[in-house]
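Following are the structures in question.
Okay, so subunit A shows up in both of these, paired with subunit B first and subunit C after.
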Partner chain A sequence: MQFRLEKRREPSQFMLYATPVAAVALTMIVGAIIFSLIGYDGVGAVREIFLTPLTNAYKWQDLGVKAAPLIIIGVGLSIAYRANVWNIGAEGQYVIGGLAGTGIALLTYGMTGWWILPLMVLAGMLGGMAYAAIPALLRTRLNVNEILTSLMLTYASVQLIYYLIRAPWKDPMGMGFPQTRLFSEAARLPFIIPGTIVHLGVPIAVVVGLVAWFIMTRSVFGYRMRVVGAAPHAARYGGFSEHKTIWLALLVSGALAGLAGVLEVAGPFQRMVPGFPTNYGFTAIIVAFLGRLNPLGVIVAGVVLAITFVGGEVAQTTIGLPNAATGIFQAMMLFFLLAGDILIKYRVRRVVPQPSQGAA
Partner chain B sequence: MPYRLELTGITKRFPGVLANDNVTFAVKPGEIHALLGENGAGKSTLVKMIYGIMQPDAGEIRWDGAPVVVPNPKAARKLGIGMVFQHFSLFEALTVLENIALGMDAKIPSRELEARIRDVMTQYGLLLDPHRTVATLSVGERQRIEIVRALLVDPKLLIMDEPTSVLTPQEVEQLFDVLRKLAAEGCSILYISHKLYEIKALCDSATILRGGKLVDTCDPKQETSRSMAEKMIGAGLKDIVRLEGRSFGQNKLAVSHLSTQKAGHFDVPVDDVSFTVRAGEIFGVAGVAGNGQNALLDALSGEIRSDKDAIAIDGHGLGLLDTTGRRKRGLCAVPEERNGHAAVGDFSLSDNSVLTARDRLGMVVMGLINSGAARTYTGKVIADFAVKALGPASTAGSLSGGNLQKYIMGREILQKPSVLVVSQPTWGVDAGAAAAIHQALVDLAAAGSAIVVISQDLDELRALCDTLAVINMGRLSPARPTKEVSVEEIGLLMGGVHGATEAQDAIPA
Partner chain C sequence: MTLSRRNFVKVGGAAMALPLLGSSAFAQLEKVKVGFIYVGTINDNGYNYAHNQGRLYVEEHLGDKVETIYVENVPEGPDCERVLRELAQQGCNLIFATSFGFGDSVVKVAPQFPDVAFEHATGYMSGPNIGLYNARFYEGRAVCGTIAGHMSETGKYGYIGSFPIPEVVMGINAFVLAARKVNPDATIKPVYISTWNDPAKEADAARAMIDQGIDVIAQHTDGPAALQVAAERGIVGGFGQGADMSAFAPETQLTAIIDHWGPHYLASAEAVLAGTWVPGNTWEGLKEDVVQMGPYGAKVPADVVAAAEAMRTGQIDGSVHIFTGPINDNTGVERVPAGTTMTDAELLSMDWYVEGVEQPA
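Our next item is the complex of A and B:
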């Protein structure tokens, strides 16, 4: 007996939605085995990471707060990836977005007014866009691969934080700590559920997902992104220039990463600190793929990844699992997902050698 | 004497389709046997099972009288089955010898392999320098590599899948000589083609498939092309209906001194091409593949921009516009490659209509796509052009080549463009569908559009076009009325002989 892959006539809709679920399930099973083998309570680790955040109502607010930036960045990446524009540097655009918002918050320090937050948000989006414009320019003018440039710019952005919070933006009352001062009230994101840490960024993330879904399925912009990714030659024939698409993809994903950055700095952080880059920009890559590059899927995937973050913290305290365990679970999820994707276009068939007999 | 190959009750089922339904036929040693059928009739599936790429669900394959199972192509070659595919698998940057060496099952020292290749080449008159880079070879020469590769394993059965679609008339004759010689030595040949006159000229017997079922096995020399075509499509064949003695209108499309840049290493640009097409005229561009046809189509469609006045419709220069801008002004185009260029395989037909028809047919309102309009239009294309598809929601990739081509041609023709440029409109399309596409083009011209047909199929061009020109190495010969040029003349022009004055610097075929 032998198995082999046979191409499907039409891509399987069932598998399109079944493989992400299967990837999560496999991650739980294999994760439990691996952590048992290296001497932890494997089953307990999986329970703490994947289930406790859901069963413990007190953790739900953490889920929302963690999921919001993942969703916002993931939506932007899902749009760019649709067009085969591989923006890997969302983390950098997120950082620059956060810094741009911080800049406005420090400039308006001590002032009041409803316009401060919108201005910060605008600055954050423009910052992310500007930072994503560098790979776009290099790609369209000099044909430099955007994967490398966007990734490397991430490391440059982190150094920029360190410089700014150690010198020009350092909190004068901070006793030498490398951080900015706490933003004034008007520059902080309001909490929408009293008594929790759920801030305005959470509903914004959901709205971003819904709007992006509408644009990607209904508009010429979304069509452009999809057709350029699916068949670049056909896109040119259809009148969509490749360069313009690269620019659009990087600017949109950069703007959304910047938005996530400014919402984070104005929300949970309320000041710029060295620990601001928390790898949301990289984790959002997993979110985008787990969500099938579909903005609605990204909302769900953002919550799933948020579960692993929150659960990872729980497992650190309850089981003593190292922090890196969260990363291992997230990476496994992406691995199983990409591996499972082959089942969308192919089916597994059991090949039984045919008995050679006279009558058929 | 047992049959070389005997198929009994071969059945192959795909989800929703019965590709082969109880097919039974046999090929004698030394026989040239034609396999005829429309697109989707199951020819490819059948030969794939013979060559071991797929396995039959039921039925039996006998080889020299003994039942066999062919699990993979390697086993097929071991039995003595060779196959030359319609699409070549050659690395352009490698030499002929390197390409052949890569495809061999057994590792043979390159010197020994070269000696064997030279043997086969001289034996069958397949002349080719083993050390030439594939990129420098014509399509006909590339096909010779594939044939040599198949002959190196001393096949007892050679399967040829649509081998002549890209050859000049002279090259076709050479190929036939090789095949006849092979058959005379006892090698059976299974010859898949749509070109009925070729089958009459070459084949000893023909098996006709329709809808996966065997319709008839006949002697093509006893049949007329028409009678075979009718068996193939299962209905009477329609002739192209055109009004005789119609007159042409004003100059519609004017191309003057159009040149393109060499885009890639192996790209052939067009060089100072000029011609005019009048309203109601069908202008044919003949030529062997790879002589600048792709660049010409891209320059006309707008994928490659040119000087403003190099391309004009009704005197208005369009050279600087992109494809969308040109479509808005009435110029539509259909490139040669269906999947990935003219259509997106992963998209539904409805979404594929948005690709080129969105502006001319008002499918976009304030940046949003009116998917209802796209669906309605797609439904109309499917109905008017008899496209075999489940509906507008089917993906383009799920359609057979001929059906996808009918859809693409329909999508452009129903937009009623004032100028339509098409490349290879019936490439790999069966007789029934080709006739429908030809008729639609003639009707569009009759309604006053100017049409440019770029094709390698001379019979198609001669049947369809009012005026003919030949493209060779990116240069276009002067246009002549179709009735005044002979096949031989066109053949010579295709080979690069542009008349007496240019004969010195011409490149011999």
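Our next item is the complex of A and C:
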């Protein structure tokens, strides 16, 4: 018995929005079954990972802080992916953004002034943009696949951190540990809720999502991105240059990844350390798809992923679930989502073999 | 717990009240809850495995008077803060942060939970409820270096480090000081890979150094990857780090440095139970059995075993201290005059390499 996929003429609008929800629900069900089968409290695992972070008010600050970079990067990626530009190297742009901000923080070390943070943010966005410009240039000039170049540049960016914090930027008081000194007060993001760890980057993430949604639905830029992605031929007839779109997509997603990087280094880290790259740039790819490449959806998806991170630790401490479980749940979510997408766009048809003439 | 209005108010109120609890007196307890955070996985068969063995040791000895929990793969960054708060909130009375890079986070979180005892391994920042503990791994390095000095044919050793912090620098120095007592021309090449646990990077570094002619390898990273590469390439040998790794390279492991944290963890847990815990600063070694040597490999000849044992027992009875002068640094300048032994404070801030160490990039 064989099956083949047949393209549906009209993908259901309802299903388009129902699949992310279904993917999360399926992840919970299948996760509970799998972990029960291998001897853990499966239902408890799902409860601790997906519900405890929501029901325990003390965890909300963690969700906000963890979701913020995912949302900011995810929004940028959703814009690029809409235009079929596959920026996989947001992690690298995030790192360069963080380094650019660190550079400003160290240059202004010991100074005070309201202008320092805005300058850091600007430097971070320009840094991310510049780093994303490399794949854009290679793609538009030499037709090199941006998936490969952006991904490989991520590894180069991590080496740049190591170089900078081992020699020129090393903390003089750090006992030889490769890290920069703690930023001075003026270069740290303020906390917006006293007594918590919620910093200014959290509301910025929400604003970025809302602004991006507005631009994508209400402006010529957004229209260009959507048309180029959905119907490249039509877009060319419409006069939208493909190269310009690639540039725009990479620069915008790079700038937002850079923004996330500088907010992260000025907020929770307050100095550059070797542990700065924490895969936000890669996790944000899941966030962008789970959010249906819609900036509003990305906000929700960013929170969902943050829940799995925070909940994963709760599950480790309460029911002894191994750390790898978090990754398994996140991967399952993406898998079900992509599988659901296939089924929305295609239907599965059974292929009935035709008896061949000669054999009869 | 369901999200009822009452629970919400209760939890929220408790959360807000936490930073206000000012008392730092530690009361006597019926049962102690101990939390551990590990930078890698407990299955690394090295550093984190050894800490987890220490956790099990406490459970074994205190039985139902203790409950332990642990979180593995905790990144050395802000994520660590969240995990520490999580453990404190789960009611841990004592929390062990077992990696150097957790220091910033411990210093940030500990003041929010003045009733919880924090202990940070291999760090340098203490506080009213932050104790420090460390082990004299360099004593074990001196034993390994002695074996390397005798057995290496090329007189060139490789050393895979994570970060050039005093802890690691002093290990490299101890190793080569001991080796050069046997072979005065021996050299060691350190390579820093900027992580404690990345088997692929560890293996790559090992291969690169073997290609450059080293025939004994040591590492200050968490897993057995370097040892496995050493076995695969058939060089003279390597050493287990953190735990006995002979299962991974039975022919190649010459001996191992075993971290035996159990007694320290037990003592701290008992002090918390009795209400007598105070932030300490311990640095124990072979003598106190916190550092142990693994079994000598089959290919280590009897006379080399005897030399290694002499180094081990000498450090236990105090007749040998590997950092006793004369010691020159690797630019030829005398740093420690003959007959003088470096102080603990000097060792804990060591940022220079002794003669025989190739200056790393």
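Note that in this section the second predicted complex is superposed on the first by the 331 of 360 C-alpha atoms of A that agree within 3 Å, B and C clash if a C-alpha of one lies under 4 Å from a C-alpha of the other, contacts with A are read in each partner's own complex, and residues count from 1 in each chain.
Throughout what follows, contacts are C-beta pairs under 8 Å (C-beta built on N, C-alpha and C of every residue); 3 or more make two chains touch, one makes a residue touch a chain.
Because the structure is a prediction, the values reported are computed rather than measured.
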Touching partner for A:10 - first (subunit B), second (subunit C), both, neither: first
Partner chain(s) touched by A:239 [first = subunit B, second = subunit C, both, neither]: first
Which of subunit B and subunit C A:230 touches, first, second, both or neither: first
Which of subunit B and subunit C A:84 touches, first, second, both or neither: neither
First (subunit B), second (subunit C), both or neither touched by A:184: neither
Greater subunit A contact set [subunit C / subunit B]: C
First (subunit B), second (subunit C), both or neither touched by A:36: neither
Subunit C partner contacts - residues on subunit A that touch it in the complex: 52, 54-58, 62, 65-66, 162, 166, 175-178, 195, 197, 268-269, 271, 273-276, 278, 310, 313-314, 316-318, 320, 322-323
Contact footprint of subunit A on subunit B as seen in their complex: 8-9, 14-17, 55-56, 58-60, 67-69, 71, 301-303, 322-325, 327, 333, 335, 337, 340-347, 351, 354-356, 358, 364, 367-369, 371, 394-395, 397-398
Touch list for subunit C against partner subunit A, complex: 1-3, 7-8, 11-12, 14-16, 19, 35, 41, 69-73, 75-79, 81-83, 85-87, 89-90, 100-101, 104, 124, 163-166, 169, 192, 194-195, 349, 351
Of subunit A, residues touching subunit B in the complex: 8-11, 218-221, 223, 226-227, 230-231, 233-234, 236-239, 241, 351, 353-354, 356-358, 360
